[in-house]
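A quick write-up on the structure given underneath.
Chain nomenclature is as follows: A, B, C, D, E and F, assigned in order of appearance, with residue numbering initiated at 1 for each chain independently.
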Amino acid sequence: MKESNALSAKDITKLGLYSSFLQASFNYERMQAGGFTLAMLPALHKIFHGDKQKIAEAMKDNMEFINTHPNLVGFLMGLLLSLEENNEDRSLIKGIKVALFGPLAGIGDAIFWFTLLPIVAGISASFALQGSIIGPILFFAVYLVVFGLRIVWTHLGYNLGTKALERLKDNSRIISKAATILGVTVIGGLVASYIHIEVLSTIAINAEHSVSIQKDFFNKIFPNILPMSYALFMLYLLKKKQISPSILILGTFLAAIALSFLGVL
Amino acid sequence: MKESNALSAKDITKLGLYSSFLQASFNYERMQAGGFTLAMLPALHKIFHGDKQKIAEAMKDNMEFINTHPNLVGFLMGLLLSLEENNEDRSLIKGIKVALFGPLAGIGDAIFWFTLLPIVAGISASFALQGSIIGPILFFAVYLVVFGLRIVWTHLGYNLGTKALERLKDNSRIISKAATILGVTVIGGLVASYIHIEVLSTIAINAEHSVSIQKDFFNKIFPNILPMSYALFMLYLLKKKQISPSILILGTFLAAIALSFLGVL
Amino acid sequence: MKESNALSAKDITKLGLYSSFLQASFNYERMQAGGFTLAMLPALHKIFHGDKQKIAEAMKDNMEFINTHPNLVGFLMGLLLSLEENNEDRSLIKGIKVALFGPLAGIGDAIFWFTLLPIVAGISASFALQGSIIGPILFFAVYLVVFGLRIVWTHLGYNLGTKALERLKDNSRIISKAATILGVTVIGGLVASYIHIEVLSTIAINAEHSVSIQKDFFNKIFPNILPMSYALFMLYLLKKKQISPSILILGTFLAAIALSFLGVL
Amino acid sequence: MHEITLIQGLELAVMAIIVGIDFWLEGLFLFRPIIVCTVTGIILGDINTGLIAGGLTELAFAGLTPAGGTQPPNPILAGVMTTVIAFTTGIEATTAIGLALPFSFLMQYIILFYYSSFSFFMAKADTYAEEANVNAFIRLNILTTAIVALTYGIVVFFSTYVAQNAMQELVQSMPTWLIHGFEIAGGILPGVGFGMLLKVMLKMQYIPYLIIGFLFASFIPFSNLLPVALVGTALAMYEYFRDKAQMASQTAIGGGGSNEGI
Amino acid sequence: MHEITLIQGLELAVMAIIVGIDFWLEGLFLFRPIIVCTVTGIILGDINTGLIAGGLTELAFAGLTPAGGTQPPNPILAGVMTTVIAFTTGIEATTAIGLALPFSFLMQYIILFYYSSFSFFMAKADTYAEEANVNAFIRLNILTTAIVALTYGIVVFFSTYVAQNAMQELVQSMPTWLIHGFEIAGGILPGVGFGMLLKVMLKMQYIPYLIIGFLFASFIPFSNLLPVALVGTALAMYEYFRDKAQMASQTAIGGGGSNEGI
Amino acid sequence: MHEITLIQGLELAVMAIIVGIDFWLEGLFLFRPIIVCTVTGIILGDINTGLIAGGLTELAFAGLTPAGGTQPPNPILAGVMTTVIAFTTGIEATTAIGLALPFSFLMQYIILFYYSSFSFFMAKADTYAEEANVNAFIRLNILTTAIVALTYGIVVFFSTYVAQNAMQELVQSMPTWLIHGFEIAGGILPGVGFGMLLKVMLKMQYIPYLIIGFLFASFIPFSNLLPVALVGTALAMYEYFRDKAQMASQTAIGGGGSNEGI
């Protein structure tokens, strides 16, 4: 499929492992650019038979802003290298990188951060809470596999190469839409099960008995209405009011203490 | 945005309040035409600086058949008045009125009659049934807000004016479709929770024990199968057989008494 | 609607009953061809006033491969005969038969095999298990009705005749898609409620207490995870590995006994 | 077994006039049983009965709406009479609802009568419109509303104060199966209302939503319909955005097509 | 511990012939375990065992359908033998199901054998068709059906009357783990059936529906699958109307396009 | 009431360096509380406390992800300190989580500081790139990672070994409402995290999915989020195939249109 197969399967496997350096010099200007370039270096070196000129060019391109999902970045790297091998036009290669890292991030985050983590966390925590070492072991095992998959993605990306490109570019929109759907659905579930707000106050409605605001009011209106409201309130402050997360965390913190003091929560 | 702003914000607020007269002379020939015209009068008077001729024309148009949702009609009124201000062509204004009152009714009914009412009713009733005055107070509070919103809708309609018109006309179809979806879904829920039919009869299946038709038969087949069947039966009689509601109500009534006498219900 | 109405309503009713012979000579070469032809014979005889030549042709066409749903085949038969009556072109008639028997099978199976049967079975079994004869009686009654409907379908097919054809051919794709959706959804439910796998083994996680693999592990991860996994595993073996059902049944059987011996299940 | 004093009777009439106007205009929703019953209870000096009756009647009537210009059994009379009957005869509110139904029907038919007969005013309204005779036009609307309001006052006064003894005897003379029958009717009646709604709204293509709402409410336990409404909202929004996207893409294609045409 | 008399054995055979024909033609569904077991129970004079066995076996076999011309373990033999084994050996019906399975398989394979071998009749059928030899054609179909019917009669007579003592000894000599193994097999077996169905139906795009049906049945408690069927219906209708609308709009556009073409 | 020995303090520091690197690279997810707490427990010779703390902290922090390059409260410090505080002061782990939060925040801000300040290295990186100076480029990446790693070691050493006595006194001097306040904060905090996620992902058109996930998790009892994930998968796949079909049909039409154009 390729004119000059400079890279061996072993090189691609290595690439998959190196891809773990993606965030080695993470920063807000270029995000993962540094680590991304780092991981590509050995392969680039081999492709260009050490031709400093070409390597420099490739490195410069790779040093541009990129932010994608560490578990899947190998796929992108493999894909790009297969293009480098066919020495496709630099701007094409760059274009593809820019086109794909975003969707890949969306997919990766939806699957690994918002879905896999809470699930594995939930299951293994339920063991740990019984004082069983199975919990952490299970957790570790799962993520060992996930890590191993990086090599698979990388080979996949490399082998698909130019062929799959068209299809990828067409589908990337609807794929990341699907990923977002998964992500948002799970987040809806997370809000209901990971935020805990329990109002303690009660109101005396008449002589004999009094109603608990939580049980008789909020829960009657809607269970978890408070967690959802709070999450949406945060969303509002972040989006509309541009308030920084740090401030919201601090605020939440102080509010919690204050309400504890007042005996509301 | 308008050439001659005859109307002040205060006028629009008033209009919102007047819109409550919508059904003042409700009848089956013109439905809300009378009240609708009534509510528009002060504003029209102002726009046409009391020019009897123009007012008469406007009144005649407004006297044509209209039936829409009282809580939202202000939106329509505001919109139409913004057109009157730009003294748009009479037939255009009339056309827009005819085009919009239907969808607006659909949306309003779905939201306020089929959704908001049963929910607020359910919540506040659960308080009242505990003998707590919170019930009616909560109910009243909610509807005070809903009433207040009439003013908001009215301003909204007035300010959107001609701009939004295009978009409105395009979307009105899919908007009222969405409203219908909401409405129908809630009605499905209402059928399950607001119709109560409990068969008392039992059949002796053998010497020792007997089965309760309700618990062992209907509930096994499907809980609430009777309420849904009855609602669909009514639908059938109303739609296919064109039987009048009054007769169905009477029939239901007599049937209930008869079945009570027979000990079936 | 037809030039020459050779067939009386009575003939169609008969046809509906005869359609029950559909599988009289079922075999893997032609599936239901033999029975299908058999059921059509009397009507064909009448249409062609015993003209051996024509009958032979018709019979030959009917003897071609066909496999559809017995409860609905009458519809197809009625339809085809209405075409024969209008002595439409033979190849057209054959084409329509080939075009329709597949979708009809899909619809019939989804409705009668995958949906109606488990439901009626579930309900009547729950009676039988209480030792009540109502169970089998109810079951019989339902299927008596289903059988009776064959006559209805047949008349329907015959009367629709050519008219409905166009619409049928357009819709058959989306209709059988809908049928598949129903079928697959119900199968999802069947997997959860009709496959029973309960792991008995437990692991001692520490001195004092031990965890039950079923309760503390599988059920925590996902109730019914084993039934679904097993069904999907079978699917995999059938589809990807082309293993014959008989072997899978035998395998399942031996595995069950082995695991029982080991005390795992 | 309590008595309703003349004063109370008049107070009830006044309340009826006020909530009657609100009913006619569908303004502040004071005409809903939960409000009517509570106020009635306060007037009768037995707020607790009022609250219980209010809760029950509100639930029974929440499905009976006038959407589409239809006219359901009357919520005001249902509210007043449920409370009054429970108060005067001392029977359970659940039973009282049933016995209040006939009054609710009576008022329903009176309103329906007005719906028809007020059509005659429209001719007048038209002439006023042509003459742009604003004041006459306003008077006309006030008149119609006043008629309704007064009717409420009278009907309620008679049903409560005047009829109370007859009522008591009636109730005592009623066999239990009859009373129970009234209760049952109260439970089934909303079915008619829903049938009417569905007649207006239920096109074939909406059946799936009916099923989903029904299933959800049948199998998932909740204390009010908010969850079902949320499901409905989710489905409605989904469909809305889908349709919107499709409209967009189609106009796009349409446009594209025409461009190609050039 | 009961005996099956010769008479009973013959009666069972007769029943087997009748339901066997019904099985072959898929006519009145008399071949389903719930019917077969009940009748068997009646014949053996122990209807209660028949009903219990019928309920259990029907549930276990409801998922094993011949859709698509496939051939599942045989429901008739499963039904007859579950009842007979429970009756003669006095063990629980749940266990009897397991022990009945081998008979069910046996008959399944016999039917599969006929499915293949009957292909040879088709050549004959073709010639009859060419000659329009109606009577011969009818006889042929009767013949095939008769073969199946008779086979049922014989197999059932032997499995019940003739084999009963052997059966009893076998069961008594069986270790519990083996019997338990049979039970388990009965519980897992439907999995194969579902696998076969999915092979026919499950394209990628239908996976969501499989998930939904599965989730629904896993988390919502109900006594039969009707609710799941309702969900399925809702989804199916939704999709149907969507596709229909799309077809319409597209032909519309298509039409528009071609017009522009002119 | 236990002591942390110098050795243990150093061991904790070493662990912090290792998991710190893992945190920075998001490699093996050793930086998650469930791992960190367990190891801490082992180091302190009280694995049970480690496991309990791990379970609780993991659950509390599972929603706080760095997706999109954001930086949540630090999971490593939360894990270490929850375990250490529970161990040294002997209070419940639930309470310890709250008290560990300030440390978690501290580290969060340090990381944020590095996120910004490491931007200055980029200029250097560019020059190395131009010169294709591979070795220097590698060193640079090692340097940044090393800085983070070391920081973890130091912060953890101080927070655990050095600060332990101060910590104990602090905790003892704390009024219950304050401690309870910390607990509560731990329960509410994920809300901020979800708000951040939603800011990134929640376009209007996705609201239905948020509602569905929320309803599902609110009304259907399950022990982990897998069911919700399955629902999400079903919906995602459904939408994917729909869009795909539509793309296909549209290009089809588009194609048709262009052909007509020719």
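Basically, a residue touches a chain if its C-beta (ideal position, glycine included) is under 8 Å from a C-beta of that chain, and two chains touch if they have at least 3 such contacts.
Small disclaimer: the values here were computed from a predicted structure and weren't measured.
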**Complete:** Neighbours of chain F that also touch chain B are A, C, D, E
**Fill in**
If chain centres are mean C-alpha positions, then the most distant from chain C is chain F
**Message:** Suppose each chain is reduced to the average of its Cα coordinates; what separation in Å results between chain C and chain D?
**Reply:** 49
**Complete:** Expressed in whole Å, how far the mean CA point of chain B lies from that of chain E is 52
**Request:** State, to the nearest whole Å, the distance from the C-alpha centre of chain B to the C-alpha centre of chain D.
**Result:** 11
**Request:** Return the residues of chain C touching two or more other chains; collapse runs of consecutive numbers into ranges.
**Result:** 123, 126-127, 131-133, 220-222
**Asked** Could you say which residues in chain D touch two or more other chains, in rising order?
**Response** 209, 211-212, 214-215, 218-220, 223-224, 226-227, 231, 233, 235, 237, 246, 253, 257, 260-261
**Asked** What topology does the chain contact graph adopt: line, ring, star, complete, or other?
**Response** other
**Complete:** Which chains touch? The pairs are A-B, A-C, A-D, A-F, B-C, B-D, B-E, C-E, C-F, D-E, D-F, E-F
**Request:** Enumerate the contact residues on chain B facing chain D in the complex.
**Result:** 20-31, 33-35, 37-38, 41, 45, 52-53, 55-56, 59-60, 62-63, 67, 70-71, 105, 109, 113-115, 117-119, 121-129, 131-133, 135-136, 139-140, 143-144, 146-147, 170-171, 174-175, 177-197, 222-224, 227-228, 230-235, 237-239, 245-246, 248-250, 252-253, 255-261, 263, 265
**Complete:** Touching chain C in the complex, chain E uses residues 24-30, 32, 34-35, 38, 47-48, 51-52, 54-56, 58-60, 62-63, 65-70, 73, 101, 105, 108-109, 112, 114-119, 121-122, 125-126, 128-132, 134, 137-138, 140-142, 144-145, 177-178, 180-185, 187-192, 194-199, 201-203, 206, 209-219, 223-226, 228-229, 231-233, 235-237, 239-240, 243-244, 247
**Request:** Would you tell me which residues of chain B are touching chain C in their complex?
**Result:** 203, 205-206, 209, 211, 216, 220-221
**Prompt:** Along chain A, where are the residues that touch chain D in the complex?
**Reply:** 219-222
**Message:** Quick check on the complex: what are the chain E residues that touch chain D?
**Reply:** 220-222, 227, 230-231, 233-235, 237-238, 241, 249, 253, 256-257, 260-261
